[in-house]
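Just so it is clear, A, B, C, D and E label the chains in written order, and each chain counts residues from 1 on its own.
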Amino acid sequence: MTEVKSPEVPAPPAAVPAELTPERGRWHRVRPFLPLVALVVAVIVPYSTLPLPGIFEGPLNSPGTLQVLAVCLVFGGLAAGYDLLFGRTGMLSFGHALYFAAGVYGTDILVTKAGLPLWQAALLTVTGGTILAALLGAVALRTVGIAFAMVTLAFAQVGAILVARDFGGFTGGEEGLPLDVSGLPAGLVGVTNTVNLYWLALAYLTLVVFVVHRVSGSPTGRVLAGLRDDERRIGVLGLDPYRYKLVAFTLAGGLAAAGGVIYCLIVGGASPHITSSELTLSLLVMVVLGGPGTRWGPVLGGVLYMYLDHRLTAFGSSDAVESLPAVLSRPLSQPLFVLGTLFILAVYFFPGGLASLGPRLTLLRHSLQPPTRR
Amino acid sequence: MLATRGLTWRIGEVAIVDSVYLDLAPGEFLGVIGPNGAGKTSLFNLITGLRRATEGRITLDGQDIGALPPHRRARLGLGRTFQASSVFGSLSVRENVRLAVQAHRGGSMKLWRRAAADREVAAAADTALDRVGLAHRGTALAGTLAHGEKRKLEIALLLAGEPRVMLLDEPMAGVSAEDVPELVSVIKSLTGDSGRAVLMVEHHMDVILELADRIAVMHHGALLACDTPETVMANPTVQEAYLGESL
Amino acid sequence: MGTVILLTLTGLGLAALYFLVASGLSLVFGLADVLNFAHGLFLGVGAYGTWWAAGNLPGAGSDGFGFVLAVVFGVAAGTLVAVLVELVLIRPLYSRTIEQVLVTVGLSLAGVALLQATWGADARPFPRPDWTREVTGILGAQVPNGGLLLIIAAVLVLGALLAFLRWTRYGLVIRAGVENREMVTALGIDVRKAFTLVFAIGGAAAALAGALGGVYFGTVSPGQGSSLLIFAFIVVVIGGMGSVVGSAYAAVAVGLLQQFVNYYGPSGLGDVCVVGLLAVVLLLRPQGIAGKVATA
Amino acid sequence: ATACGSPQDTATGGGDSAAPVKVGLVYSQSGALASYGKQYIEGFKAGLDFATQGTGKVGDRKIELTEVDDAGDPAKAVSAAKDLIGKGTKIIAGSTASGVALQVAPIAAQNKVLFISGPAATDAVTGANKYTFRSGRQSYQDVVTAKSFIGDPAGKKVVVFAQDGAFGDANEAAVKAVIGGAGATVSSVRAPASATEFTPFASQIKTAKPDLLFVAWAGTTAPAMWQSLDQQGVLSTTTVVTGLDIRASWPTFGAAGTKISFLSHYFDGASDTEASKAAKAKIPGGTLDLFHPDGFAAAQMVVRAVQEGGDDVDKMVTALEGWSFDGVKGKMTIRAADHALLQPMFQAKLTGSGTAFTATAQKSLTGDESAPPAVAMKG
Amino acid sequence: MTEPILNVEDLSVRISGLHILQGVSFTVAPTGVTVLLGRNGVGKTTTLRAIVGLTPPAGEVRGTIRMGAQSLLARPTHRLVRGGLGYVPEDRCVFAGLTVAENLRLAERRGVSPAYDKVFALFPELDRRGRQRAGSLSGGQQQMLAIGRVLLNDNRLLLVDEPTKGLAPKVVTEVAEVLERVAESVPVLLVEQNLAVVRRLARDAVVLAAGKVAWTGDARELLLETALTRSLLGVGSGESQHPAQPGRAAAGKDGH
């Protein structure tokens, strides 16, 4: 029986899930602790007044820096969650923004319009987002490949239209809906408390990475990796592909909704930008930039993308750029131009994403070393 | 234990599989031969549920499985290999087999347990790999295996699922002559115990003759004959339509 | 009655625009297997090329032959950009489909920003013959000429594409090349040339859509391409990837649906209906209206 | 060397009487509203020059501007605002987009800094909170100006044609309140903002035969919309009123341009005030446009706030509330109750042909005539 | 002996770090069938692909490959093929989405009139199934298509990778006959596991083991010497073991 090529999305550049292959080598004793070290460093960053000129506007502990970092961390987590679909299960969803937006708008509306306390709003939102993902996933997963991508895109598009239409004045339409902070815990309000939002974002990122890591390393994760390669075979082995894909889809949707809750707090409101298919596309960009199917790649990609997205506006209006001739300064003052170009270069030169840089550098180092030992 | 009753699959007007009546007893080894395009692979696809039959019934232990999706049939003990190797290319060889073992053992969703920690699964997987002689390739990515090695991996995946009825689609295709005896003995050992039944498509007549208790001959989708090897080989139609002149 | 005719004809005009955008997309998507997000860029280049030529190119203008010349220039510019994109960005990434798509995503971001950096974010009035601003009375309906022009252009493009696919070997080469590029080379065919050609044609179709879209909208702005793109995607998918005829059917369905629902139903429902149509079509027939039945 | 500090440190602003006053300007330098942003900042700099007599100082204290691009994205604007506030900035101005203004306003209130919103036209900024002011006009003022086109509205039929969403909702509501409240029957035709084909809507309007058509449409599809209205004969049978956008957009009206009655926030030549002369002299190109007055007024308000309030934001607020000043458009008053900025509005006509239009003022409304109803301060 | 048609010298192939071929040298005679033998995974396919220039991008090829006086390395595949190098790949690689007729049409080369009569005479099935999509052909039918494709044109050398894999005994005989006939006019470099086919067709043999050439010489000599076959290929030659149908058994895979 010959496989006929159907118009399907090819699986993303395959990477063996790191969780499924025990690590070896010199580093294998230290490596498990590296994430912990990174986490500790991230937790104490707000205590540092280290100025990083050119990288951030102010010292590390300034609210502006912490705010940017918090946004970056949330998107790092979001990208890691999206990778559960894209990199690890091979499902190309173009509608992931919907669940994130559901998280943001859900929290905002429940707090601002319904006046619920934050914890209730957050709980309801995450539950609701997860259920939404389960329901829509149950329908969308009847299709595969490009068709799946398009059905998810269609659902997300309906979400975007509903938000823009502003039914009943719930969403504020194109103007967005500022979050009413009067009922919020005092520790989350005000510029001086930005650090709490930062820690919240860090906690979210840690949660997502941990969940994705555990799930990928679990028996279910193994099935997901199998689904990425050959769905028919999974069926013949006695596993229901649909069920596993739905679990991955729902879980990723729930994680995105949780990210939405945090993001809503950080930004202090909701705006329709986040419902657009461009957000899903940028998630895809983040994952690929970092390295799909790898543990840290998507996180790095998400953080880097959001950092650039925020910082390039400042770069574009900086004196260094302004002083260039118009042919250069005009495009360079367009953040999207720089971001798009960087992205193309990244796809070109780091096909496995940032995560592949490490191994490559090692390879380079080895090939540069004279072959002394045998 | 496996039986098909008037199994038919049509595409348009053409019957690819044409009213096939088959019975497979426990412990039996049934070889399926037939010219290229006779519908052997299609028959397998119908039995395993990758295709829906247009007419007819399939029963396993008396239970009608004709309406079940592939994974439900697999859970009832139906396993198969593919004519064109279909392994999980981006997973290592060992991980491929572990996945198969796990599919066979744990039914429910396990999101939080560490897969690598399951020693039983690992041990069962290694046994299966050993049996087909791929143990030394355990860490290689399945996608980079040479053709013959992929065939062996296919069989290892099948073994891992411990099915009661096994459908082998040309397991020997592309396996180097040297490795054939080894694989034959692996396949032979499948039926030796415990009343497992095997349905095997194979063009290598000597392999079929060595292994099969009975041979079914397919031609143009229909079952031409189903009898002992001796009778089948003596059948003039079979000689003419399938075997042709000896080299 | 007049209303129905008006809605039908303007709906067809809209459908024609969608088809013009979708045809190139469908060709590249179906044949070269690249989900081309940079299609909006080609569209923009076509529109701005025409706009620029009408103002600056000697002999070109906003009327008569001068306008034709301007459109030709715009289409040539779009084609050139498409060819360059294929040669420089897509070709080295062949067999890495996902990466190709990602490169076009990057291009769509950077390209639109570049247009904006060069000509500003604001809409510019588009040069066009005066008759395109007028209406023709058809059975009591005042039908805009711009829409009629689109319909004629769409029919011509459809015919030309079908002829290309039917009468040349390229259609075959490309379909085979998508499946197994190596094997096409192993038959002695330079598959790279065929792929470049597909991009060129896709780019030309997009640029033409950009130029005629400019006529239809009366303006050109950097984001125009991307906003049309989403409906073009929907059309391509409903029609079945790679099927030019399917895209034509789908474009007509989408255009008419949108037009009628927007008139008779509450506002915004038109878009929701189109999206709903997409979902329903895909769930019932994942390969699209005219897509081939894929076998496992 | 790594230094340590508290995570809740923020720089404390000035205090020193000679220290510069930090003013943050968060507006669109890139993105869809970049050209609005450009006018805003040009106006702001001209206004600062005017209000400080060319010194750029209030008393001894220099006004130190920090410009940040928000690209029209509220999330970026919020980050920028937090960054500025964290560095001790007490005055933030800008916000080209309504979404940005609405999300920065609560930040200002939470941190007790002064926020002067810019071109963002949404009514919701008015009365948002004690710390939020506006330097531009709001939708309601547009609608009041539109009403002045039909004389006595009683018994007249008015149709609002607007895009879906908050902008359209606000306009529809305002027309119902202002013109409908005065006795006209108001109905609406709404279209999705993404629509590209307007003929059905145009023919819908045509059949309704209104005495006045109020069009509230923003975005790049506007020219196609006007063309459809013109082609279906709406423009020649009804009085059609809409807001006059920036000068660069005028050519896109095409043939429709001379048939529309415009309400205008501002255009070059609409007023002949001290401030407008000063602004004209100062801005690059010497031609004023729609949003120059907003920037100019913002600078005037900043200078006033610093003059009267020093570093004390509450004092700044008190100083601004109820303040009247002569802006580019004429006499402007900050209404104390809800911080609405009462200002003159204009009726305009475009004359000329093809793509070269000139605008002439037909009539102007004083700030009181176009005043929106006072709303309660929300926060 | 006359000049060989193909000269492979010191061919070395690495693919993503694996040294698959390590200095392989052999020649292909200008007439008849030269067979390339070896266990699964020794690099037979890799050798053929290196000759037609289809080593994957991650791979690295060293050494020299010459056809006549002409060096083949570094020339694009489509040029090589147009220059008369026909290739029948291991996995058939028919274009599943195209019909049989389209598959054949694709193989036509510009300026040469395609020998459809010859192909249809050999494989009448292909004529009958012209409108069927190649992906729905059975394995054997696909193999016929893959071979038919290269026979449409005149070639100076054919590279054929395991043409009888998965074919019914009858078809194996047929394919072997076809190749035998083809080899009368064109030299063939054949990879084959079926020793019966090898015995029937091969004149010269090259045996690969562990990435190197283990033996070259006359194929008959190789197959006759039981000790040699056993040591190189791991099989006893010739003797069939099946009692039921001694004559028939030889039609399938040769003994074990």
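As a convention for this text, contacts are C-beta pairs under 8 Å (C-beta built on N, C-alpha and C of every residue); 3 or more make two chains touch, one makes a residue touch a chain.
What you are looking at is a predicted structure, and each value in this text was computed from that prediction instead of being measured.
Separation of chain B from chain D in touch steps, taking the shortest path, is 2. Common neighbours of chain B and chain C under the contact definition above: A, E. The chain with its C-alpha centre at the largest distance from the centre of chain E is D. When the C-beta pairs in contact are tallied for C-E and for C-D, the bigger tally goes to C-D. Innermost chain of the displayed assembly, by C-alpha centre distance to the whole-protein C-alpha centre, is A.
In terms of their C-alpha centroids, the spacing between chain D and chain E amounts to 77 Å. Inter-chain centre distance (chain A to chain C, centres taken as mean C-alpha positions): 31 Å. Inter-chain spacing, taken between the CA centroids of chain A and chain E, is 49 Å.
If you average the CA atoms of chain B and of chain E, the two centres end up 28 Å from each other.
Listed for chain A are residues 1-5, 161, 165, 232, 333-336, each touching two or more other chains. Taken residue by residue, chain C touches two or more other chains at 116, 179, 268, 271, 295-296, whereas all remaining positions touch fewer. Of all residues in chain B, those touching 2 or more other chains are 41, 50, 83-84, listed in ascending order. Contacts from chain A toward chain C in the complex involve residues 1, 3-7, 9-10, 12-13, 139, 142-147, 150-151, 153-155, 157-158, 161, 165, 232, 277, 281, 284-285, 288, 330-331, 333-341, 343-344, 347-348, 351.
Only residues 41-42, 44-45, 48-50, 69-72, 74-75, 79-80, 82-84, 86-92, 95-96, 98-100, 102-104, 106, 109-116, 118, 121, 139, 141, 143, 157, 161, 169 of chain B touch chain A when the two sit together in their complex.
Contact residues on chain E toward chain B in their complex (touch as defined above): 16, 38-41, 45, 90-91, 125, 136-141, 143, 162, 165-174, 176, 193, 195-197, 199-200, 233-235, 240-242, 244-245, 247-256.
Those residues of chain B that touch chain E in the shared complex are 11, 33-38, 41, 83-84, 144-149, 170, 172-181, 184, 203-210, 229-230, 233, 241-247. Those residues of chain C that touch chain D in the shared complex are 3, 6-7, 10-11, 13-14, 17, 116, 120-125, 133-135, 142, 144, 146-147, 216-219, 221, 223-224, 227-228, 258-259, 262-263, 266-268, 270-271.
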